[in-house]
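Read through the structures below before going on.
Next, two complexes with chain A in common: one pairs it with chain B, the other with chain C.
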Partner chain A sequence: MSTSSVAPLQVTSLTTTFVSRHRSVDVVRGVSFTLRRGETMMLLGESGSGKSVTARSIMQLYGASAKLGGSVTMNGMELLGMSGSELRSLRGGQVALIPQDPTGALDPLRRIGAQLVEVLNVHGVETTKPAARRRAEELLAMVGIPDPKRVADSYPHQLSGGMRQRAVIAIAVSCDPQVLIADEPTTALDVTVQAQILELIVELQQRSGTAVLMVTHDVGVARDFGGRIGVMYAGKLVEEGPAAQVLGDPKHPYTAGLLAALPTPGVERGHLRSIVGAPPPVGAFPAGCAFAPRCPQARPSCHEQDPPLVDVAPDRSAACPVVNTTVGERAA
Partner chain B sequence: MSALLEATGLNKTFGNGVRAVADVSLTVNRGETLGVVGESGCGKSTTGKILLGLLAPDSGDVTFDGESIPAMNRTQLRALRARLQVVPQNPQTSLNPRLTVRSSIEFNLRAHGVARAERGPRVLALLDRVGLTAAQSERFPHELSGGQLQRVAIARALSTSPDLVVCDEAVSALDKSVQAQVLNLLADLQHETGVAFLFISHDLAVVEHISDRVAVMYLGRVVEVASAERLWDAPQHPYTTALLSATPGQGRERIVLHGELPSPADPPSGCGFRTRCPVAEDVCAGEWPALIPVAPAHAAACVHVKTPATTG
Partner chain C sequence: MASYVGKRLLMAIPILFGVSIVIFITIKIIPGDPVASLLGPTGSPEARAALTERLGLNDPWPVQYVKWLGHTLTGDLGTSIARRSDVAPMVLDALANTLILSAAAAVIAIVLGVAVGALTALRRTGVLARLGNALALFSISVPQYSIGLLLIIYLAAGAGLFPVSGMYAANGGGGFVDLFNHLILPAVTAALVPAGIIARMFRSSVLDVMSMDFVEALTARGLSHRRVMLHAFHNTVPSLLTVAGLQIGYLLGGVIFVEAVFAWPGIGLLVYQSITQRDLPVIQAGVLVSALAFVMLNLVVDALHGLVDPRIRA
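Then we have the complex of A and B:
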């Protein structure tokens, strides 16, 4: 499929390097994907895989502590290298973030309503305070808060975790963003509340056609959410494609190993097929294919050459020479 | 199978009015794994602490091998701890950061009166069993990964050959690919030593995988107990059903519960689940229903469940 330059979000060869006085650490090492209008893209990975850093690099939330490379465009407009004021009008407007921890995202000293009003005013959605206040209450009702007036007058600590995350989502969608980035939006919540929040995100997406980039470590969440999925390992995408296909018929040995390691209730018990070792820590990614030291199918060459992400089936790509020769006759 | 640990009618209310545990009765048999599952604030960890003798219940009793834990004095508790160990959620904070992992385990052996000459070889054998090398035994906790630390915590817990190990969210902090290794290790160790586990977790898929029987808790109470297979295939309590359906990626029809867990300091009258229950009726506001048998080795606490006539 040709990737048109007017996609709401196009990420090309994104690299993120954290720099300190003593050393620099590559965390994201060349990630590319396209998010189309109304589409969902999941970044799935374990800790240290660079999934959250990828999402936050798109919004350039690391400031001077990180060096970004490659390109991130929204509707064809390059975001990397934008000035602070340009970025400020973009963030919360065209692109909004739902963070993992709603408590840290809200100002503890200001009422929920005031925090919503501020966003609406800053981005010029509502220019007067009373209008913004009315809109704030509408937004709170829209995200399923039963008594929006009371919640608007509440401080964050007066709300439960689930309600706080709803309030954060209300802020995130307040300016009708074209791209919504959800960074593990339900990880801090209990499963029954998680189900509510995921449902809410789907509902809002269907209503507005927002493109959603969601970061998760939870295969179950990725499976339920659908859309496209990008599996990350050691700062790179190792596999990409439609979620149902990737999770139903994984091509990369890491994806296959991760799925096999999950306990599947209702199926015969016994040993889980674990992957040997642990994900490499950031800053100590192995040379060659980073997964090779844990890979049951690794060849000697895997420890030297890092395979690129190539097409292995229609609409699917993987970064592994083993799958490319066994299943990917189409491989470029 | 005989009962190793029996808790009857446990109650615990904290000073801030939170009724964390209410009328909880549980049995762990020798060599089995009892899973305890529930969302945050359901009282599962408080129950674990009471069972470990780390927290005194307001009322109710816990017997370990026939002896009452709350009635024990310090000397007796100390002796008990060799047989009743714990693997906590976060090994980063449960291991002394200034001791090598070998010293941490030796410390445990010394506390339980193992002779000095015997300690060294035993530590190495234990670490070897959980998959760590002799070189790793000289490392400090900050030099090891989360999965390795959890192996150390398991080795330490098993060092005194306990009869029961309470695993409180023992694999929750681990990456999935590492979690599988630790779950396999626990299963192997149980097979080899006959140790029983009380496995506390919020993750139903993990609990179902590792447990023989599972107790589901809500607002401080056990609302359903059954074998893992039965709970998964034929849940009886509406909360269990909703919890199963909310576990992502199972392809079950999703029952989205409205609202959130009520505060344990101010629970609703009657059945605590009625405010979120899709099948609640007026009668549910009366009293919290008792846990009644619905099938052999399967009990649930809901007015909608019936005891089959045949089982009386």
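Then we have the complex of A and C:
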């Protein structure tokens, strides 16, 4: 399988190591995936699996505190090692972030309109103030805000959580990004609002052909969203493939465990099931397959050799030697 | 915004009312007899009785209070016992001098505090940051009068760089330059403690803001480091206002030591002298005016707060 070099986003063997004066911790340990135009990729995993760090490493938001390895390309252009000014025009321009908590993502002392205008100015989308203001109101209307004029004149604390997240999304899509990174965009919201925000992201994506990389720990969100899924565990992708197939017929024991832990509506059972044990703490990943200590199907060799991600079916790959392997190792 | 300031103004009225009651009661319960200090030890019982009646001291306390409040509100602060002159102009002059000193000290304290606080927050390691931290701690810990005396001994009397005391030179002088020369040492002395406190508080507030999510979110929007820092510093202003407002308030009351050491003719020195002379009307008026200034300052700080932080206005 050859990977196209013009994909909006291609991540190859990405590693992220946090360095402090006393020690360094590997958080992302060789993640590879390709995101095509208009496509959605979900990174699914528990806390500490490295999914958020993967997303932020693409935008290089950690500065000097993290050392990045591997390669991240957008339309064939390498991002790692870019200069500060190149990165600035990229961030918020070609690749935008929707953070988890809309309250924290907005400057509490600036009006929503001013924050939009600032981004439009910085990226040279609208250079005059009245034009930028008009565009800001259009963007707010586009993300489904009923009275964009009033919201533009509002401070973040005057809006509801859902409205704030819509405003954050308006800022994210203001410069027409090719890649939209959404880091658990609905986790901080009411359940009733969650669906609306997810619908909005799908709608924007269909309208502009933006590729979306969505980070979530919520299997339900992953199922609703469709697209492709990458399941992360201990800083690595353990399974990747189309959402419906991965969730319908998991190939990796960890994915299977995650799905088995979901309560089934209408079925009464004595207790909820969970995966035995706890995920390894960041910085203390075991040798061999990191999931082996919790894996019901682990073989002795799993504790020694870390299985690579290999194709297990057309368009699907998993990092587990136990599942019936059909094809050879997947091209990086 | 206007309604917010209006509300604050209305709230200041009961506060001032309460302050006036506390001052009145304090003056009543402190030991010392104004009649005795007016007449001296040789006063006859008849003279004492007449003066007590004339001062209204035979009335019940509530009546005395209402009379005093009425006089105060019409600008009549009484007559000084020791100086035999109107208290009002005396106290207002002294207050103006204190405000000059406090304002100068406030400017120094805020500029120094913000600079040292920002430096120690943004460069947590390194010699300069450590030096800044040590200086901030030192300035909080050392008593003002000892610093004042040291400055007088070495910089004024010793090196002759500054005048030793007072507000204007006795022989001629006057004018802005003369005032400025006299102002530097007492203002620096008064500024040291608040500068240290502002530095420590501002440091932690910068660290707080820099760890907030929106700093990363702004970087992700493609803003330059300089722009992100502008947003961040904007967000430190509310807490800076709180600390600076409190510290300047303390300055108004706390310059009494500095005024005494430098013979600065302010309200602190006036009250201090009046206490030693048992000059009750002056003490009363001095404390009242200081309290008034304190309340007004808080009002200004509250208004600024509302101006900077939209979350407070609502």
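Here is the rule we go by: the second predicted complex is superposed on the first by the 317 of 332 C-alpha atoms of A that agree within 3 Å, B and C clash if a C-alpha of one lies under 4 Å from a C-alpha of the other, contacts with A are read in each partner's own complex, and residues count from 1 in each chain.
What we mean here is this: a residue touches a chain if its C-beta (ideal position, glycine included) is under 8 Å from a C-beta of that chain, and two chains touch if they have at least 3 such contacts.
Note that the structure is predicted; figures quoted are calculated from it, not measured.
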| task | Kindly say whether there is room for both chain B and chain C on chain A in the superposition, answering fit or clash. | result | fit
| request: Report for A:S274: first if it touches chain B alone, second if chain C alone, otherwise both or neither. | output: first
| First, second, both or neither for A:A195, with chain B first and chain C second | first
| task | Could you say whether A:G50 touches chain B, chain C, both of them, or neither, answering first, second, both or neither? | result | neither
| message | Looking at A:R223, would you say it contacts chain B, chain C, both, or neither? Reply first, second, both or neither. | response | first
| In the superposed arrangement, does chain B or chain C reach more residues of chain A? | B
| said: Once chain A of both complexes is superposed, is A:L262 in touch with chain B (first), chain C (second), both, or neither? | reply: first
| message | Just to be sure I read the superposition right, which of the two partners does A:S160 touch: chain B = first, chain C = second, or both, or neither? | response | first
| said: Rounding to a multiple of 10°, what is the angle at chain A's Cα centre between the Cα centres of chain B and chain C in the superposition? | reply: 70
| Upon superposition of the two complexes, what minimum C-alpha distance (Å) separates chain B from chain C? | 14
| message | Counting contacts the way the document defines them, which residues of chain A are shared by the two interfaces, the one with chain B and the one with chain C? | response | none
| field | Residue ranges of chain A touching chain C (in the complex, touch as defined) | value | 56, 59, 61, 84, 88-93, 96-97, 99, 101, 104-110, 118-119, 122-123, 155, 157-158, 168, 171, 175
| said: List the residues on chain C that touch chain A in their complex, please. | reply: 212-214, 216-225, 227, 231, 234-235, 308-311, 314
| said: With touch defined as at the start, can you tell me which chain A residues reach chain B in the complex? | reply: 46-47, 160-163, 190-196, 198-199, 217-224, 257-258, 261-266, 269, 271-276, 278-279, 281, 294
| task | Would you mind writing out the residues of chain B in touch with chain A in their complex? | result | 39-40, 145-148, 175-181, 183-184, 187, 202, 204-206, 208-210, 229, 232-233, 242-243, 245-250, 254, 256-258, 260-261, 276
